[in-house]
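First chain A sits with chain B, and in the next complex the same chain sits with chain C.
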Partner chain A sequence: MQEEDPISVALKQEEDAAPNEAPRLSVLQWLRSNLFSNWANAILTLLGALAAFLMLRGVLNFVFSENREWVAVRTNLRALMTLSYPESQYVRVWVALGFVVGLAGLSAGIWSDWGGLPIRRLATWFMGIGGLIALCVVVREPSVLMDSEGKALSTLEGSLQRESFGAAMADRVDWWIAALVLFTVGAVLWSRYSSVQRRHVELPITSIVYVGIGIAILTLWVVPYGHYAFVDGTYIAESGTTVAFSTQMPWTVMWVLLGLGFLVGRFLRSSQYVGMSKTGSNLLWLICPFALFWVVLRDPALDYGHVMSTDLPMGLAFGLLGAGALWLLTRSDIGEAGRIAATLLLIFAIFNWVAAFFGWYPMLQKARISFLLLAFAALLAPNFIGDIAKRRQLVLGWVGVMALVHYLATMINTPSTVDLQSDEFLGGLGLTLFVAVIVVVLSFPLGVLLALGRTSKFPIFRMLSTSYIEIIRGVPLISVLIFFSVMVPLFLPDGMELAELAAVLTGYTLFSAAYLAENVRGGLQSITKGQYEAADAIGLTSAQRTGFIVLPQALTVSIPQLVGQVISSFKETSLLAIIGLFDFLRVANSVIPAQSEFMGVKREGILVVAMIYFFFNFIISKYSQRLERRVGLGER
Partner chain B sequence: MAINSPPSIHHERPPLYRDVTVVKWVVQIVALLLTLGALWFLANQAGDNLRASNVPTDYDFLSVNPGIDLSSGIDTDPDTGGRALWVGMVNTLRMAIAGILVATILGVIVGLARLSNNWLLKKIGTVFVETLRNVPLLVQILFYGAVFASLDRVTAEVGPINGWLHISNKGLSMPRAHIADGFYQWVIVLLVGLVVANFLRKRRIAQQDVTGEETYPILSAFGLMVVVAVIGWFIHPIFGFIGGIFEALSALVSSIPETALQFVIGALCLGTSAYWIRGFLNSRRTPAGLAKLTDDDYFRMIFAAVGGVVGAFFFLVLWPGLSSWMINSTSDLFEVLGNKFGNGRSGRPLDVDLPNIVQTGKFPNYGPSGLNFSIGFAAVFFGVVFYTAAFIAEIVRGGILAVPKGQTEAAASLGLRRSTALRRVIIPQALRVMLPPLGNQYLNLTKNTSLAIAVGYSDIVQVGQTVYNQTGKTLPVVSIWMFFYLSCSLSISVIVNFFNVRMKIVER
Partner chain C sequence: MNIDDATAAANDRLADRDDMIVCVNVDKFYGDFQALKGVTATIKEGEVAVVCGPSGSGKSTWIRCINRLEVHQGGDIVVDGIELTNDLRNIEKIRSEVGMVFQQFNLFPHLTVLDNITLAPIWVRKKPRAEAESMARALLERVGIPEQAEKFPGQLSGGQQQRVAIARSLAMEPRVMLFDEPTSALDPEMIKEVLDVMKELARSGITMMVVTHEMGFAREVADRIMFMEGGEIVEVGTPEHFFTNPTEDRTKLFLSQIL
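And now, the complex of A and B:
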């Protein structure tokens, strides 16, 4: 590997460095060596402690202040997640979520091998969290005194009246208990597992995580979190009760589904079908964003007459005739004629799109897409010439792709039956996740193509992809998005329309592809010349060389950068809020503050949004570090 | 093609549609034509649609009063659209430059904190980096904006230091140092001083090399600069004659005939392609004479020649206005410079105004004399600074970790002090690794300032959006954005590359 960025190498080595078996230090020794080794260090420690104290106090005072209206967020949780998805159809959201959760459990069962967590480590976490809670309780300033009507009392000069420090500590007795319980549990575990034989007893991480999630969900049934919601526009606020049944039940089902999926996955892993189930779960992940969004959430009203007369015959025709054509094209005696036929097919497929723009002859969009796909398959056909099993691979793959494409195209073209209250069909976190996933999925092939173009030996292709990448990377995303949401309608010929979401998705994808291409290019440059020469030496065609030798290695090398790109794509979905779509940031920033009950309550919602983004990104980045270690990057 | 080659090879030439070179170039040219055709078609379509909706695509709005007020900037009530966009550009650049400076300082501090052997500092640094880089910038900006908007209302006694520093829900107001009359002449004095100081520094270094004594070259050059600056403060009006030179230049440029420039541009196009072809042929020249050229080489040369001719044709026939625009703008530039450096500017080069609070309508507000930062500015500024600093901290940490430990040990064994080793051995090597990603972060910061649109700070995107909402000229405004950001990106990468080349290890 010649071209790897030295900074990430250095950081990785730092992370990977095995923690030395440090000699056991007493508390005093540890303090001296880590915090007070000399006078400069001591001053830094004191300054740092002061800064940390002020920051913690500021955050706690902000979060627990009497002026915070967290009720606004609790009431609008559903709006933050799905905006105005109709109440009566809400089961669809749960079905979609359940599918994802079950699939996640299944994949975790098939793939995951998270190992164990030493109980002593768990014990230190318990003690640490207990100590942190105690620290927070002491650090937060005393609460404001309230009169009997719940109004804050203030002194004559206008400043707020606060209770005394002792009274504040006494008021927070429940927090003290929580801290004490956590600390005691931790301490007991620690001491019970401190003997030499039991020091390394471990619990499997998967079950810790599962039980943790389960405890969190089961408290919904017991703990009186209060019930706050907008039901059909009326504001319900009941403190002292548990949350509504319509929240408790689905989450419990999700938890059960997660466990079931995991068990099935574990069963498949030990069975003989492990390879097939790995492929299958990957395929399901690829399909599920499209299927869940357009089929489950959108609930298309199928017109069966049209399906029987047009959609089904067309899908069958493309599937079967295309399969026949591909079968012929993979005959071993096809020779030159195969390539010529594939090229002609490609020209015809491209011509269809040109004709569509000028309106020369009508053709269903999915027919155009199918012809294009068929042309690509035909171009790939020479790589599958061989025995029957090899030819069957291509043909069966083609039939599968056609079935999927035609099914989804039919569904997408059918109008939705969901009773929409706003222009956009989905909003909130759902929209954010949908856009992020679609952008990542669609920009990946485009980015790889651009990277190949930029590193190719064809000067014009190189020039075109380089200028595309550099222009896109030189302008901010927001201008690209505005360009696409405002300008795209201008570029289309009469009678052609593009929904705003589709226009924005196009902009996002094109933008993200340019960045992705740069990451893939880094990987491509790390492939040594010998690999190319070896591929040529065993007589691979250039498509085979790229697909089987170069790209697999290049993509493996660029996994960290690709994951980084996924994270930034996800972060960039927040820009949806600016261009007029209702993602969950927009809900927090302008929908909630506009409600008459919560006029101008902005900071709470934005803080929650920030925490959700943080949660996802932090998990992805930590996971990518593990993944990197597993594929053994930088160790060859 | 090759004449000398034996006929047997000639004989085995594949048919045209299987000839690698031909296919390769035909495919490329077809792809190029398709791309250009698609672009042309889309542009045409957009033109038709715009004409149909009665919004012609022209740049007239640049000289028409847009009737908009900007929230902040050098001119909050611009009298032309061009002026409004200019204010937006200045705001963007101001934000970007201030952001780059502060984010770099903060990022270096946090990066070093993460490397220190102090446990507490390390943890604080880690929390800073992990929190800030995992929360989207827009969310941070909106949050800071919401927090600042809930500060106290502005009054004369809002504090914290009345008359000097005010912080309120209208933003921050503090004393403003600004360029006054005579600044430009003073800069000339400083430039002269710089040349002399550089000369002094080199002499001192030479002296140090010869005698081995410590001569403090940097310190003495800096001292000289201070002396020159103080003297220049009083004597700068003598440089007023420079204005005349610039005015003469302006007259000279405007006397160039348009057609001459046009032909120069055309000739430049042709010359460039001829030069390239010559260089290409030279690179194929062997000691024995011109090497055999492959078909691929012929295609390249033909392509270069056609490109040159098309370029010349484009500038000569299709776009003759370019040359007059170039002449006019260059002449204007020199005229403006002539004005700035002209005689009769004898005031102080710099001046300071204190903030004031005025009440014109119902509510008091900051007056124009202080340096005012609006809530929007503060929100975007803190957003981009914190966000970018988190990334810069990681770059700094990685860069220093990338220097092998042997370097530190070698420096120590030479008897260098720790600070000297850092300055002379570690940091130069770390900087070499850090520069390219650092440049990337500066680019990102500049582009990220466009999120100002969310909190209403008048950067170029926000002003542009207001302008096209008023006039409907979307396409021109978008083209100005693209042009502006591309030139920003280009200048930053040129600067970074310059340093990059300078820092590179000279390899044998």
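And now, the complex of A and C:
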């Protein structure tokens, strides 16, 4: 046998996986040994096949039934995505999306070696999909006959009258053509790449994905999908204003951005700036949900008088005075005084929030946040004591954070120029994704801190974290959301925009953090005592021990649970409907069925919503498997 | 020259050196159980001290008290002039001067060999990465596995892992190395490669305190052997004294079992 290089091993596994590739006889043998090995097995197999057949037929009959009003979904695509975001400013949605798409391309370019897919494998997919379409065409029952008023005809016995099988097949000729084309393309590729020299030829996965997306977008230019568009509360049904028509250009731009981002990422990957660009792209990912939502989508109407008199001076004051304080705190002769100052600052910062609760003295919210951040920076300061370069790092980092926080805070507090049609300016999938992303991004660090607190050797931290986690876990999410939608407005300036949303984000983040903490704790418990001792013995401080040794291993161990938590956070955003936000599911469940044109049309929308939820979660789960395999290297 | 003279001569040779580790009446309790009962010993700079004794006699407990992995309740421990108290700064100082090698290696499985070694120099000693890496490669050369730098610990044999662990400790340029049964978890064919590294270290003049049952190693490189039982040091002497003319009955019994 020739040597086993990884590629040929991988190929061999694929050959085992794809039954089409095995000789006919062995398929039969496989069937006999696996599905028909004895009577009981054979009966189970047949029953299973029957169940699968009935289910497939049921789904197909449902989807293609004459009673389905898919037009309700097509017409409301925009409502499903962004609800009532006004048409006049819709370009903002595209700009936000374009930023995300470009960043995704960039990250894909910088981070990953995506590898290749053998063309033969691709060919089997083509053939398989072609075959599946053909199967579906045959399995679906012939259509029900209609009378002139569009009512279904039934026979004298009361069952529905259907067209003949032959007529049904003839009606579906376009589907037959699609199946045939796919199958033929697959078969041709298959035979051209089955010779020994060519069977290992691969295409890069990135190009396959990119071309696939490109073809999907190209169809927008060819097929006028979505006969109507629902724009600013009215239906536009003239020719030329289909959904496909109004989105073909933006989607094409997205496609180009994705490609450009990828190329730039690839370039950076091979340049000397690779480390810096990785950090940079991560930072952009962290910032972009906040910035896109509050700045791009809301388009705040800045009041420059207020900016000049309050916002700017305050940001500068915190930035500069904080920088000065941190500079002092990182002096090498600071000693215990530094720790004491940091602790006092922390107490003061926390007290500000208590005071806010009781309304003792007024203070701008961003000042409270800034003091809290300054206290954390002061606590971190001992790690930056030393040469000028390290001290400068901390101080510049502080100035950067202050610039960002004050900029965002100003933006958030400024009323939007977007012409709102309802209380919340964004809804649908946009809102769902936004809440999910923010909750995950914010609850992650909080969850890690709670887990560390719960396993800490200080009883006070342990007690606080444990009781927090147990209380939150003992309460349903809905009650947390309701509680916060009542409580949070107490902490916010009167009449602040988006109070409801802020409440949701706070409550949901705190809720999700408790669950994340438990997952992380599971990982922490798997770290052996020896790891702690080794870290101590080489002289790491306990913060370094946690950051370099304990957490990386604990998080790696808990990837599956963490991803499970991320997925369930995403799905449970549908509970936002309960406190009055218009999330994705609610649009399908109550907005569309309330429209006079589509009174009571629910099932179609919900099916589409379910499929889109599934699509996102499937990607997350696939990605986590990839991640697990990659970081698994260190554990072997 | 008879054997007791040899012991005396060895004591003389060490007498004018500085004290590196001084333990005076060290007591250690686990709950009600007293694991160390007034351990008193002095280890000189550059000395190689081997600690042996039956299982459960408190060898690990003692050696772990010296870099504060365990906290002693009574008596004093002074390492290189720094007394071990609850003062965090003293503990940090001592830990960066004392290297420790464990029975179970305790390498960091998520870091490459190179990162395992450079972590502490970069973050504790604040060395530039390039300098730390070149030192790490030199240390890997010294322990005989320069080609394994980019691998993960899980991809190495036990003997190689233990040598990486030794290199990791040496990267902090410690003045004292503690070894707690460094070869007990190894297959016989790998014991030698680790012992060879340790012998080379012993000759280089670093202070070493080694808990081990490898009597061949003790005989060859130890300046003194300390025999522990029941949380006490029962007998101390040069290898010649220890193997040919032990005075205590308990030592004789132990040696008859192990040799």
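Just so it is clear, the second predicted complex is superposed on the first by the 551 of 636 C-alpha atoms of A that agree within 3 Å, B and C clash if a C-alpha of one lies under 4 Å from a C-alpha of the other, contacts with A are read in each partner's own complex, and residues count from 1 in each chain.
By definition in this document, a contact is a pair of C-beta atoms (placed from the backbone, for glycine too) under 8 Å apart; a residue touches a chain by one contact, two chains touch by 3 or more.
Computed from a prediction, not measured in an experiment: that's the story for all the values here.
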item	value
A:502 touches, of chain B and chain C: first, second, both or neither?	neither
Which superposed partner A:35 touches (first chain B, second chain C, both, neither)	first
Partner chain in contact with A:556 - chain B first, chain C second, else both or neither	second
Partner chain(s) touched by A:575 [first = chain B, second = chain C, both, neither]	first
First (chain B), second (chain C), both or neither touched by A:540	second
Per-residue contact with chain A, leading partner among chain C and chain B	B
Partner chain in contact with A:49 - chain B first, chain C second, else both or neither	first
First, second, both or neither for A:531, with chain B first and chain C second	second
Residues on chain A lying within both footprints (that of chain B and that of chain C)	none
In the complex with chain C, residue positions of chain A that touch it	386, 528, 530-531, 533-541, 544, 548-549, 552-553, 556, 631, 633-636
Contacting residues of chain B [partner chain A, same complex]	17-18, 24, 27-29, 31-32, 34-35, 41-42, 45-46, 49-50, 116-121, 124, 130-131, 134-140, 142-143, 146-147, 150, 300, 303, 394-395, 397-399, 401-402, 433-434, 437, 447-448, 450-451, 453-454, 461, 465, 474-475, 478, 481-482, 485-486, 489-490
Chain C residues touching chain A - in the complex, by the definition given at the top	67-69, 92, 95-96, 98-100, 102, 104, 106-111, 119-120, 123-124, 126, 152, 154-155, 165, 168-169, 172
Chain A residues touching chain B - in the complex, by the definition given at the top	5-11, 13-14, 34-35, 37, 41, 44-45, 48-49, 51-52, 336, 340, 350, 357, 458-461, 464, 471, 473-479, 482-483, 486-487, 489-493, 567, 571-575, 577-578, 585, 589, 602-603, 606-607, 609-610, 613-614, 617-618, 621
